[in-house]
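Across the two complexes that follow, chain A remains constant while its partner is chain B and subsequently chain C.
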Partner chain A sequence: MSDVSTVDASEQEARQSPSAVADGDERLAYRGVFTRLLVRPEIGATIAAMAIWVFFWAVSVPFGLASGAASVLDVASTLGIMAVAVSMLMIGGEFDLSSGAATGALGMITLLLVRDFTGEMGGAGFSLWIALPISFAFAIGLGWFNGTMVNRTSLPSFIVTLASFFILKGAKLGFSKLLVDQIQVGKMDDLALNADTRGGDKGYAFFQRLFAGEWVRNEHVWSGRDLLYTVATLAGICLIVLAVYEFRFARRQQMNAGGVIPFILGLAGLVAGQLYLHNTDDTTGNWIGSAIIAFSILLTGFGLALWRYEPLADRGSFNLDPSWLKWFGAGVAALVLSVIAARALDADNSDNIYLLFTEQGIRAILFISLAAAGAVMLLMAANIAGRSSQLMRSALLFDAAVATALMAFFIRSQSASPKFRSEVFSVMLVIAAVMVTWAAVTYIFRERREPDAQADAFAQRVLLVGMLSVIVGVGTRLLFTVQNEIDNGISRTVFSVRTLWFILFAAVCTWVLGRTPFGSWVFAVGGNKDAARQIGVPAGRTKTQLFMLVSVAAWLVGTLLAFRLNTIQASTGDGEEFEYIIAAVVGGTALTGGYGSTLGAAIGAVIMAMSFQGIPASRWNSDWRFVFLGVILLVAVIANNFIRSKAEASR
Partner chain B sequence: MSESISESRSETPLLELDNIGKYYGNIIALTGVTTEVRAGEVTCVLGDNGAGKSTFIKILAGVHQHDEGTFKLEGDEVSFDSPRDALNRGIAAVYQDLAMVPLMSVWRNFFLGAEPRKGVWPLTWIDKGTAKRTAKEEMAKMGIDIRDTEQPVGTLSGGERQSVAIARAVYFGAKVLILDEPTSALGVKQSGVVLRYIVEAAKRGLGVIFITHNPAHAYPVGDRFLILNRGHSMGNFAKDEVSQSELTQLMAGGAELEQLQHELAAATGG
Partner chain C sequence: MKNLKSLLALLFAIALLAAACGSDDDAASDDASADDAAEASDDSSDDDAASDDEADEGDDDAMADDEGEADVDLSQGGDLTFHMITHSEDGPFWSVVKKGMDAACEDVDVSCVWMPGNNDPTQMVTDIQTAIGEGSSGIAASLPSPDQLIPELQKAVAEGIPVYTLNSGANDYGTIGATTHVGQSEDVAGEGAGLRFNDLGATKVLCGRQEQSNVGLEERCNGLKATFDGEVVDEFVGLDADQTEQINGVKAILEADPDIDGFLGVGPVIAMSGLQAATDLGRDLHIGGFDMTPELLDAIEAGDIAFTVDQQQYLQGYLPIILMYLEVTNQNQAGGGLPILTGPGFVTPDNAAAVKELSAAGTR
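Let's look at the complex of A and B:
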């Protein structure tokens, strides 16, 4: 069958061309670690979350304090539980507009079941041990109804669940008026208050702890906190740096033991500098501490690279190519302009810096945006120049580091706020030190341009452990206090158990989506339902289970609300379904289905909670939060689309 | 009879169709179709649009049941209730548009619906390592080197996508592989790639049914040709019985094409 000209021709053609599948390997260019990271749907949300946190940290007081984190996490928890479930449903290609109303409805069912209708809490009404399973069964039934209606009628879930939404909304009003003659149903704590007459609290104490338990930070004093925080965070950062190196640089055939010495010395310097900073209060002390840390960063990075990585052979030559020169010029111009803007406007104006649309506010916005634009343009210049010459990349990166350091001093000299004078100042110096280190090590060592599965796997594990370590460190600091802070009279900070529910729910959903056959089916029914069905995936059942997951999440949130608020309004949850969808979309979930991330949805919920909390915390009118929400949504969708197309094109 | 079983096994065709017919109400969708599919051979089903090719596949793949004639799988007369039934008996169909979920990774697509599992019920999860390794190995056996099985199928070329579907069917123990117009949406190069995998699959002992409307694609790889036109079988030939140009003639319904040539000549002449 090979004696026929047609196939021979096409085969030859295929062989000559580099796109022949047999030689498929060569046509795949090596994708660097940053490109591969961009493929993750949640990466956009992660960057946005950091940027928004920095923004609110700069313009408001509570951000950066444990109390601020507590209030953000509190709002994020209920929103996040729903957003995670809704994102899974959206990946499966459906919407649930009844999810918001369902939270209130299911909480209300629990309250109605435990309520005593016969008299003054004489003993009627169910125990929570019975009421909660019944409302849970209602949740399963609601999900089953939505899913089955969508499957049977083949109507868009948008319409079917819109109907469910109105049914629930009406039923909530109707039943609450009918049964208790009010548009709210309560009260959960009647169970505890009337425990004597009803013969026990009917499970209230147990479930109250389970759904509304609290961790009062001020009551948990632990003198070892700062040590664990420092060690865990530093170790985490070091591991993350190691991971970045492993991703980025080509390993030596044989390790160079000589590098271990500067590496260990650098680590020791980091710890010493950190401890020194903690135990000093005067300016000179701060200077010495910062200098030790900056030098140690350099030494650690250099030692690590010397120990493990191959030196770069061709470093390129000095050039003044206009392709980068124009970005460099623009960047310098922007930085100069930002300094002029900050100087020209009145520094002594005593208007509140936190209020926008004052001279100080305009000054801050002008300065920050010009300076940020300048920094980005300098980095772009370095990147463009680096395509032909590593020497120029490192030189320009060094320039950018110098500019960052100069700006840090400028901010320190110009700002009245201690937050900027000390914290922003030191963070910027650390960034400058990191940039100098990066300029140095990329100049000395060779970037890995070939895949190395072993190094990648190692780096991934190290990265994960590093991030966990940082989370443990920061978590310790959030959860515990020290006697010193109590003596200074810090405000009472309370973490709710709902945050634990949120983390647990997000973790389980992420695992299910990523690691189980059901997770694969969710992606499949959302991505190409007919293909999935043809290959034997139970498409209808998968979708119904997703609707059930959403209503079970609504049950959890309804229960959390019932225990927190004691009463559920008839309107509780109505209209919030769009917030869940926004959080999911901000987190990188595609509206078209088949693509997305539960982790991203969780981060999206945190972003929204930050804006809900940050706007009043910045003393702006909280009505502005909707403007903020709309802008975030638009920017997120555009950015996610851009990242996705960019990432997929670069494969 | 019994003494010749071991001998006759290789002689018994995988699929044997004798005078198969299908009616939709009073419409005769297919009638009098006879062909056979042997292990290690490629049977091409040729026909123009509306010739009854899709009805034919749907009968083979278990979507529809035939109304007349006999349908034998490895010597036993069968009639499938569902695509799942056909799949369980070793008949896998790869449809052009329905093969893959574009945004899902190669390995997830490869094992979709039949994920290898770890753990104890009810807590089971995908054995991701095995899945990724197996997908890569199976693709390599087909001559496709997929370095990163995490890449979405949508980033593969059309030919490679078809090949993933073919490799998947082969891996999951298909004895008969039905390919519905695998080359129709592809360019010349890509078609060549897919044709090579068709030959590859046949070499590995599968019976392949290759449905196409392009004789130039069918003739080089086919061992047997079934030509359909307007629901009727126009013939069932072994490769040595027919040439490519004859195939083209038969496909278009011989006389009709001649008629058309005359008309065109008249039109351009006049």
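Let's look at the complex of A and C:
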């Protein structure tokens, strides 16, 4: 059975009977919010995705722009739809090697059905209203075939679907050459071009909008964008902070109204600081804006806690325990080394920073990895010390915050890149401010160590709203432009409806997997098919349905490609099945079945798309592309595993 | 050693076969085979391991072959069999080569065997050995991986079989001892594209490749670098199998380098990807491509793409058959030791419509 569902079950039980903790049953012991979050399979992928985005944002100019995001989402969409479906199949314990070839094959079937073979796109082809359902039926049939063959023969799905792969690959080539005398089938948009002579476009206009609709950012100028972006993002972050507080701290019996005033003042300061920062370009302005924001974060966080939560009674005492002292020492040493490395290596040649194998590149890698390692070690020291004394935890957190701030100033004084001098600098200051706030707040207020169903439910809702608010804010910024950007000549940026399909498909699959009996069956048959069958799960049927899900996803992707590219090559999709599996594994799905996450697979697809896009966007030599790709994927998977094993060990 | 003996046996078979057929044009091949057989037996006489068993086997083979060929003789007078061994993956390109071969074989009334190797050198080596074994009257082979194929083709030359290279192999046909090479030299094609970009007024061209470590594609880009006056950026941008990734790969490079004002896709699909990327970004690029698909021809006709380099591969199927036929029947050796180039031809908006019709017929 899955980890996810056992977690949910134990949580539910804990909510129903809080007294169970008192009985000393360790399975029902209350676990902190971070532990609960980190055992989810998609968290490692999320962290890796953020790290990779920041990395490519730092080394490349176009990657961080809206057009870069559009490209990443474009590549991620078709890859992600398949990765989500494939991850469900993998959780169910099977593979589908025909999924890649199936995308091309099903798209090609649609094209062959709407085309007329006797003349050049004459009038005899089917309407799309008929062709699409027929190719959909083909998809269902393909999934049924794969599933039934696997069930009946009891052969590994690896072998059965490998056969399907070869059959599809051959059929694509054979039929396209037989019927069209080409190794590709086109062209979808001929339906629109010759609509008059044929009496109607066979539904092309409708389906074109449905599957290949585009949103051209440059045509959507909206002056209110930055205001909404700022307000929605900040409000979202505040709500997320509130949710974390609710998860973490014990509520007061009576709210303390005295906390409301600093809270409101802090919020106002945040908005003011952000707007000020946005409207200024000189370094002093950046300085002042950052300072205002840093102070406001402190004020807001403190005010909120003062308002709602109970103070801590026993704060522990000062100690110099060697268990944390060694981490502290190592962390400081790493930070010092990083500064020495940055100073020792040449900093003059600034335009070479995009190339990895230059002194600049090595300097950047050395500095960043040493500094990051140092920061992590300081945080570990704080964590270890915090087990015995809250005083020491806060003190060490404060140290880490000071180190972060110092590093920010160091980067600002050393880096030639304006990106590092302004954005990285400000973000690091914000992080330092958050750490100081966290140090102060955890010092003053009591951490909740008992379950509180009401607070948890409230926090979950607030967290969801907060995340939605951030998404709305970022989405607004991505989808709309302002006159100023147009005047500066930004390149045309196109978002596609494919991304909506991707989000919709991932959301539906996540819901099915997490909230329906079918989802539980998937985990059950992937964990142990025979055991699942004995407790009454229709194992064979579940697996067949999973194969059908994958082929339906392939139909969707094939249709999206047919409308996107107008033409389907005989080779379209061949070999892609491994990318789907890789994306699922990067997203935390186990190759052995029974464990994984559709959300993780979606994020895994985004990670792969970012790697595909980031490498050319950074203008790294494409000869090394697969070396970079391999390293990035390895790091993502290792990070994912590491985080999960740490989290599971700390249960 | 064992190979040599079975070869020897086959040689006897060929010699017998040639002797058994009585038509005029056989004199040449008969002589050639006989000479070679003599040479080969000279070689083998040095080896003292030739046993009676082997000789018996050789006789059996010869008789079997003799009986087999008798049927063909009854049906048709065309007793020449030419083998075309290519690294074809059955794409639109190679189907035109095959059409060229079929047309030539019909024109001179010989039988031809099409052996597509699917980019697998081992398969091609086997095909060459089979062709020699079947007593081929002439072998035309493409040479994607010279190191593996050269020794095999040298064996064919050693047995007096006329050998021609086609499509790829412009640098190696001399080593093999092949009469000549029929094809487009990739760097010459790239050089032609470079001159085109000069005419179009481009200043910085991205040479986008759809495969890594494909020598032919790299040579196209190198040719471009040789003649183009401006700067060339040479990158792999993504496989044809995932065109979405390919389009966005081109976009990323275009975004990262605003100076790029030209794009050469060294294949037909990647050229269309370049057009799509430029359209998405709203960039005005001079775009050139290699080879042809209906979409690419439409885009050229519409003026969205400036040109495509056509290596006129129909000739690569047609000419080797004719040349082999003439060498076998008339002792002609074309080329004078130099390769015979089939391209580059260019398809531009001016001739796109005409080429489109021929392409639909499958001969361009």
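Operating definition for what follows: the second predicted complex is superposed on the first by the 588 of 651 C-alpha atoms of A that agree within 3 Å, B and C clash if a C-alpha of one lies under 4 Å from a C-alpha of the other, contacts with A are read in each partner's own complex, and residues count from 1 in each chain.
We adopt the following convention: a contact is a pair of C-beta atoms (placed from the backbone, for glycine too) under 8 Å apart; a residue touches a chain by one contact, two chains touch by 3 or more.
Computed from a prediction, not measured in an experiment: that's the story for all the values here.
Of the two partner chains, chain B is the only one touched by A:Tyr595; chain C is not. By the touch criterion defined above, A:Arg40 reaches neither chain B nor chain C.
Shared-chain residue A:Arg251: touches no atom of chain B or chain C.
By the touch criterion defined above, A:Ser491 lies against chain C but remains apart from chain B after alignment on the C-alpha atoms of chain A. In the overlay built on the shared chain, the residue A:Arg619 is in contact with chain C alone; chain B does not reach it.
By the touch criterion defined above, A:Val537 reaches chain B but does not reach chain C. Note for the complex: chain A touches chain C at residues 60-63, 65, 67-68, 71-72, 74-75, 78, 173, 177, 181-184, 186-187, 218, 491-492, 494, 561, 564-567, 569, 571-576, 579, 612-613, 616-619, 621-623, 625-626. Against chain B, the residues of chain A that register as touching in their complex are 1-2, 4, 6-7, 10-11, 13-14, 17, 19-22, 24-25, 28, 451, 511, 515-517, 519-521, 523-524, 527-528, 530-532, 534-537, 590, 594-595, 648, 651. Here chain B touches chain A in the complex through residues 83-84, 87, 93, 95, 97-104, 108, 111-115, 117, 124-126, 128, 143-148, 151-152, 154-155, 157, 159-160, 163, 188-189, 191-193, 195-196, 199, 216-217, 219-223, 239, 244, going by the rule given at the top.
Considering their complex, residues 90-92, 95, 212, 235-245, 247-249, 251-253, 255-257, 269, 272, 276, 280-283, 293-295, 298, 362 of chain C touch chain A.
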